[in-house]
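Just below sit the structures, each encoded as structure tokens.
What follows is a pair of complexes built around subunit A, which joins subunit B in one and subunit C in the other.
Showing the complex of A and B:
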């Protein structure tokens, strides 16, 4: 008996180890000064698992978080992209982030092509993720989701060359407030959690003291090798932070200042654990790193050169300081090739307009796809869509428009437009303010209603200010020397708030009574007119008081006469 | 003796044709001036004038979306029936008529049609009076209408339509109620002429646009049945109406590529999903309604707007179906789900037909004052609520309530006046029983 158990054990354990030996985990941290006064910190945790996503049941996982795997398997998800963000990425001054994310919560998912009821799966997936990440993703349903036609293409490997956009869903919740309750579940999905490795820097007490913070989970199937005969599953978990050095009260930064502590050892499960510091601008704004980096890496990408100081995370507690040398210098900001803003026009609560301004600083025309998911309570008029570059009206290349329906479906507007070289293009569209039922207003009705960010996608020919990962890469190091024919950016604009006119919430009974009274005012006379006829009767023209007096006098005279 | 010669025996001179034409031109000029002025968009954006159901902005959106190959009934901005949308498309895109010109043209045509409507009705009234003269009381001679009464009423009707600010704003604000009113005017004309084919067809077009106009089939039936004493024609009219409605709906079904338009047009009118304020009673009532009572109250309000008064009024006023038509139109304009000033203005322009009732009306002053005050206060309080945030919804609601009350007083007053006049004609104006003072009472 004992012998057979032992044999089984001896046989099974190496088998299991063999089966799961094909997943790798790597963690990276990139620190990049943004201009003179901001510091960008991006944590990138990538898990690659050589398993067939079609066959995988997620009963046994190794590095891959099983909780997420079960959800993915259950709802037939092919690709999952979820981000929780507070603050707005300032493209104009900060360049492009490694991962774009809209303010609030954003979720976009590709379902596998054999999914029967995509809408049902989408709703349930959002609810499950809501539980997994402690976010209000459960508010995502048909009324605020669209299936983008051009903007969100699969990022990973696909089985068929034709892409059917009925299997993609996109939604954003701009009102979502992101905080520590979302960070803790994210840390739990990491193989070493926050106990060791770079995860230990995610110290909620410090990282929310930032101008911008965004956490994201991206899961997709990728090619296992260049022949792409088999696919692997890739999971990227990331945390992006932008520190305002003025808030840190010093130009010099250190791990202790940024995260409250140093790196507690190296995550033993990680194949690579690296810290990069962007030193490209070190000549104009010199700073000295302590300890000295293990090596400097130079990256030539899309016509631009970047240098990075590289540190391998060691098995002991590790910290990093940067001391700025010399006087404060003003660094001229060179804005990226393309960026966009969004705002609301008009005054009052009757009619307004949404305007998105797209700046093209590039020397050649750029094709962009503009996507807007406008909630149903902001009815837009397509015939008022005006695209205008410096006073010249531009005809869009293509418009994909699905009109919304009150309480059922948002307005989905996707515009393909060619921006002239060196131009400022504005897309404007008019909308009406709607009046909702009193129970449809949120508790703080005068806080306003959010319109989510627009997504402006384009392929840049040059990699100026570009830090994004290439499509075939999953780590920051993959983006070094990754020159490609184009660089995809999907910028998110500001989300905006409009204040819808409100009724008086204390009035229901009064209104019901008053309106019914008016109806009764018609009913009474009309009932009389139609059911009665006119007759003459003798007029009793004595006044009530006269009558009363006569009566009293009558009684009095009767009494006295008795 | 010809009809005209008999009418001309009256001592008051009727208006000259020249006067009528210059008045007509003035009415058109006012519209023309306003429609091309900067005030056009201000007027057109007022909620009292354009409702979700009749705003030209939504029609333009529908036509634009359609031209892009998208079914406009997929969204919920457009609430015009596909047939009517086709009509607008033909007029604006095939004939290249500018919208402003189109509205001017249709509104001025409506004025002409209304003139002939009133003329025809006055003739009916004259014939009726001649027939009944024998039954009238001795001292009721002063109540009998004279030639000038008959000849001038049509002029007054046209003037009331041309110079009523409500109809002017309706036309200038490009509300599609202009087309609805045009179909209604044609219906009235053919109804008075006793035409059993064209009247129901015109009515069916109105009904396809607004649904509520369908209730006017009852006065049409009565007109043919009671006034023209022609059962066959009355039933033909019923049949033609039903057939036209079915045909228009089927045509809409084909044009709107499916039944989506039913929900967008008639479902929208009946279930009131858009709660944008207007001059009616629905918007605030259903904004503040508790969800589990919504269906109950929607049903009762819709019944109230359509059939509740229709049957008793039809029975009571079967001898004067034109008065019945006016009363029913007015009640519908008060109680429909998305009323606008154009509806009220149209009905009010028919009132000069009943000038002989005005002396029996008692609340003219009150109603006039309320109309004046609410018409001024409405836009002011709207501005305070929506633009300056210093008032709230209750203020505007109060104004619409007062406006509705004035309308109700007006229509009930006219109906009472009709009853009183009938009484006076029959029993004389002497109100004495056995020498004692007596008063008129309803019993």
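Showing the complex of A and C:
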């Protein structure tokens, strides 16, 4: 008996170990000074699971969060990208982030090609994610979603020879707020939660006083090896923060100042746990790191050299300080190759326009894909689309336009355009302001209505100011020495607010009051005039005695006459 | 084969021991049929000047969570974001007190319905369980005939109604009918209805379903008043009734002997200024004999089973025998090549 139990045990245990070896988890933190007065902190948590996404049931997971896996399996999702962001990434001064994200909530998903009803799955997926992330993603449905033709290609590995864009959906909720209630569920999806490892730095009290904060979940299949005959499932969870050093009231920073505490040990489930500090500008603006880094890493990428101080997260409480040395020097900001702004033009409440200005600082022309998802209550006119660079009209290479329909689908505009070298191109389109039905106005209608960010995508030939991850990489360390033929950026512009003609909701009440007053005032005199007769009474100045006598005589005569 | 018999053997032992323990458990269950606890906490007010209503609802959230109701059984509805509001000088916090005694928002909070989702329709749908397909579990009230439910509402109200976000309102009759529907669908065992608003008592006047204990912060014709202002925030930060209720709840833990009767008298008129109204004619038990944890906590008789043999995990064995056929995969270029279009 004992012997056979032992054999069972021996047979089962190595198997369990084998299954557990199928997934790896790594966590990284990159700290990068942005210009003189900002500090960028990016947390990258990557889980790689060697399983076949086609056949995985997600009934049993190890490091991969099962709560997310169930949703992915249920709605037949191939790729999932969701981000929750507050604030705007300032491309002009900060360069490019590791992951682009639009203000508010943004969700784009590729469904598997055997999905029957994509719209239904999309709606219910968004609803499920709203429960998972405590965000109002359930407001996403087909009335505010588009399927981009050119902008959002599958980021992961695909097996089919053609890409069918009917299986992708994109939507954004620019008004969505982001707070601790969204961070809490994100932390719970991490293998070590916030108890150990870099997750312990995510303290709500210290990360919501930042200029920009963004949290994102990206899930996709990736090639398991170079032959790419089988795929693994990759999950990237990230938190990006941009601290304003003026708010922190000192140029010197430390973990305690940034996050409230040091790293509490090392997440035992993590294969690698690393902290990188970008020291590329250390010669012009020197700062001293304490403790000394384990090593310095140099990365040559796309013609640019970056150096990073590297720390392995230790099993004890770990902190990091940076002290700036010498006088305050001003770093000259060299704007990146391309960035964009968006704003509203026009006045009054009848007609307006949306203008997107794209700055190309590069010495050669750039191919740009511009995507705009415009809500149905902002009807745009395609014939007013004007693209000009410095007064010269530019013909777009291609326009993909699906007109919106009121209460059914948004306006989907994708413009492929070649920007001239060193140019400022503006892309403008006119729209009408429309009335909504009175129950369609939100409780705070006077706040205005949001138009989501435009997405401006391009492939940069050089990696200046570029920190993004390569398509075949999951971690920050994968982006070191990752020279490629091009570097994808997908910039999000500002989301804009327009004031739709909003009725005065107290109007019915006012009308009733006014009407009642008018009626009451008019009714009294009219009633008097129509029902009463005016009789002239002769005014008498007779004596009381005479009056009495006349009355008595009057009564007497009346009696006798009757 | 031999292994299989052993596993079977194990599972038989396991099941039989489980069966025994379950029989014991049933015997020890409370006779009144209460098995689980749920809480529905609603703030119906939007806009920064209604900061205090968010603080109210978070106070109760904090307390029920502390006393043992898990987040999965708390439905928290907050109509506006105060913690990360740009006007809040201390981001990601909501305090109950100008001296910042308690951060009722905390570091671990899950808001289930927020912003524009807080509507009368969603609230009534949540209570009655008539939700659209695809509604996540965290947005459902999955109660049964053994559930004790705490409903807490705060916002601006009047005689017979409670406003939702300044744009719509729920009337006392609608509220009563929703609860009756809950009762008919066996969605609660006992219900504690608590409301902090002006003329609060008018909201529970129309109730006609059994097993409801109701308390309101003010009688009909009375205003509910706020407690104090925080000059740093610039608005009133909490209402009197909830402030004192939180004060009371902070002093207890899940092993407390305090009763609902004591809780109903937390705010006498001299501190609340309004008269706290209580309705107990629908409630069968004497509130002074009902432990407060029947509604605010989740205390259940638990028996620790020690004689259970761990079952070896054999599921993985079959699962990982599924091998996928190798298929050629590739990465597609992230952006279209313009030269290929022309």
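Rule of thumb we're sticking to: the second predicted complex is superposed on the first by the 494 of 562 C-alpha atoms of A that agree within 3 Å, B and C clash if a C-alpha of one lies under 4 Å from a C-alpha of the other, contacts with A are read in each partner's own complex, and residues count from 1 in each chain.
The criterion applied here is as follows: contacts are C-beta pairs under 8 Å (C-beta built on N, C-alpha and C of every residue); 3 or more make two chains touch, one makes a residue touch a chain.
For clarity, every value in this text was computed on a predicted model and none was experimentally measured.
Of the two partner chains placed around the shared chain by superposition, subunit C is the only one that A:177 touches, whereas subunit B remains out of contact.
Of the two partner chains placed by superposition, only subunit B is touched by A:537; subunit C is not. Contacts of A:185 after superposition: subunit C is touched, whereas subunit B is not reached.
Of the two partners subunit B and subunit C, more subunit A residues are in touch with C.
In the superposition on chain A, A:305 contacts neither subunit B nor subunit C.
In the superposition on chain A, no contact is made by A:330 with either subunit B or subunit C.
Within the complex, the subunit B residues that touch subunit A are 45, 57, 60-61, 64-65, 68, 70, 72, 74-77, 273-277, 281, 283-291, 301, 304, 308-309, 312-313, 315-316, 331, 334-335, 385-387, 392-394, 397, 401, 404-405, 408, 411-412, 415-416, 419-420, 423, 427, 431, 433-434, 436-443. By the touch criterion given at the top, residues 4-5, 7-9, 11-12, 15-16, 18-19, 52, 54-55, 60, 86, 123-124, 127-128, 130-132, 134-136, 138-139, 150-151, 153-159, 163, 175, 177-181, 184-185, 203-205, 207-209, 221, 223, 228-231, 367, 369, 397-398, 416, 418, 442-444, 457-459, 471-472, 488, 505 of subunit A touch subunit C in their complex. Note for the complex: subunit C touches subunit A at residues 2-3, 6-7, 46-47, 81, 83-84, 91-93, 105-112, 114-117, 132-139, 165-167, 312-317, 319-320, 322, 324, 326-336, 338, 341-342.
Residues of subunit A that touch subunit B in their complex: 347-351, 379, 381-383, 399, 401-407, 411, 432, 434-439, 501-504, 507-508, 511-512, 514-515, 518-519, 521-523, 525-539, 541.
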